[in-house]
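I have placed the structure first, in the form of structure tokens, so that the comments after it can refer back to it.
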Amino acid sequence: MDIQGAMGIIEGILFISGEPVNIDEIAKVLGISNEQVMECVKQLQNYYDKPYHGLTISKVGESLRLTTKPNIFPYIEAIFKPKIKSQLSKAALETLAIIMFRQPITRNEIESIRGVNSEKAINTLQEKNLVFEIGRLDIPGRPILYGITEQCMDYFGLESIEDIIIDK
Amino acid sequence: MTLNIKIDAFEGPFDLLFHLIEKNQIDIYDIPISDLTEQYLSVIEEISENELDLASEFLVMAATLLSIKSKLLLPSNQNQEAQSELAAMEDDDPRDDLVNKLLEYKKFKEISLALKAKEEEQKLIFKKPPEDLSYVWAADFSISKISLEDLKSSFISVMNKKKPEEKISKITKDSMPLSRKVIEVYKILKRLKSQVRFSKLFSYDASKVEIIMTFLAILELIKMNKILATQEKQFGEIVLTCREA
Amino acid sequence: MDIQGAMGIIEGILFISGEPVNIDEIAKVLGISNEQVMECVKQLQNYYDKPYHGLTISKVGESLRLTTKPNIFPYIEAIFKPKIKSQLSKAALETLAIIMFRQPITRNEIESIRGVNSEKAINTLQEKNLVFEIGRLDIPGRPILYGITEQCMDYFGLESIEDIIIDK
């Protein structure tokens, strides 16, 4: 498989999927290594960086996704009137921040860091599929352990959770 | 000092403390507990005038602050002979626990702000709806690999699947009005005629709200002189008996 | 509006839409003429013609659309087919099970049990002659009632509907 052909296929796969696609899966279908996939992505991204392209490829967690560039947002808005995406409350963001860096973590531990009841915030995050029950702790009461989902990385556009600390 | 603060603006007692610390440019490693406690109390006082339902967490923090304040006052009453002991005291600053918790909270507060910024960024970019390819392979569904047992187990699993509606019905159960709960509890006690332990009035997996409601119902019944409640020791089991027997 | 910027926006709009977008609409949002839109498309197409791209723009009637190039289809199939196939059969199996044990039943009722749109699944089952329209419910909208066909009963060796008892 030559690299140019692989680039086109990767572009097509991401286009069809809409949702982020796992790098392993792409590598498997193309019969190349993950590193080769990333090399293709890097080259595609070089093209996308040109001003005459409105798309961009990004890595979220262990997946790749094709999205529009932020700068064309006003035009997208003008033609499609996208639904206003509901944003997370302060409570939900705080709770998510804790789960992200302390996972797996119980509700009790979250509440002792925040100092307030966090049941509602956790429920909201679960409904939005940003956190999930990883398992249960083997102590009396068998409390639920929470962790973040793959979709959470997509939601915030994070390649890894360290991005959040580095960007600060 | 006039404080124009709404409790909604704060995520909890730590958040409120932070607001006060930043506003007064306090060094977090050397918190003037007296001042801070005073300010904290005046804020929650003002708030609780309007919002009686002030979250208990805010009151717990008030108690913590007062307790730290009183501990800090103690060493000054002791004699100054034991220099080494004093050094040990410094190691064991009563504020440490609070400071550590505040620092921990601060870290996540900052991360949550960074997440907020990322969320804003992501608002501007769009994914494309996935292409519906199912038509390409619709012809592939074949019944030949399915048995009646498969169908039965599929049916049972789909019927048992948790549905979002269940959450709604759970809420109505939780928010049973107190008056109904009072009647319900009284009926149980009257029927059993003997002593009943408080913990037997709700199932082991009862929600916090349910337990609180049951407790409130008990208080109500005591006030109405309908039942007797005894508790042998602090945090011990509450035993209930019906007065009319 | 410079032409490069317009190209990026057109690309983004076609990407998001997934369906053909009217040229007039694009021209209006960008504040340029239809001819200028087509000039942008021509230039974008020059780039897409390169082997390292898997997408292509085409004009259908008075609209434009972005699709994958036909030559990458085998890879699209290889990566998405297993997923879609299993989803499809799971949906069809669930739907058939519900119709079998709850007939006569409307699509609404099926969907409230499954929690997802079930139109495609019902269509598939009808095409395979496993379920059919028994009649209609006499309420506003007169929704269709579904039941299993004789062929379906034969297949599973059922003498009559009464044989079907779920021992729960």
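Each chain carries a letter (A, B and C) given by its place in the written order, and its residues are counted from 1.
Everything that follows uses one rule, which is that a contact is a pair of C-beta atoms (placed from the backbone, for glycine too) under 8 Å apart; a residue touches a chain by one contact, two chains touch by 3 or more.
The structure presented is a predicted model; accordingly, all values stated were derived computationally and were not measured.
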Chain closest to the assembly centre - both centres taken as Cα means: A
Centroid comparison with chain C (C-alpha atoms), farthest chain: B
Inter-centroid spacing, chain B versus chain A (mean Cα positions, whole Å): 29
Return the distance between the CA-based centres of chain B and chain C, expressed in whole Å. 44
Measure off the straight-line distance from the CA centroid of chain A to the CA centroid of chain C, and report it in whole Å. 25
So chain C residues touching two or more other chains come to 12, 15-16, 76, 80
Residues within chain B bordering two or more other chains: 126, 128-129, 131, 133
Please give the residue numbers of chain C that touch chain B in the complex, ascending. 12, 15-16, 18, 76-77, 80-81, 84-85, 87-89, 92-94, 96-98, 100-101, 113-115, 120, 124, 127-128, 130, 152, 155-158, 166, 168
If you look only at chain B, which of its residues touch chain C in the complex? 126, 128-129, 131, 133-134, 136-138, 140-141, 143, 146-148, 150-152, 154-156, 158-159, 161, 163-164
Using the touch definition from the top, list the residues of chain A that touch chain C in their complex. 3-5, 7-13, 15-17, 21, 25-26, 29-30, 43-44, 47, 50-55, 66, 68-69, 71-72, 75-76, 78-80
Residue numbers of chain B touching chain A in their complex, please. 11-15, 55, 57, 61, 101, 104-105, 108-119, 121-131, 133
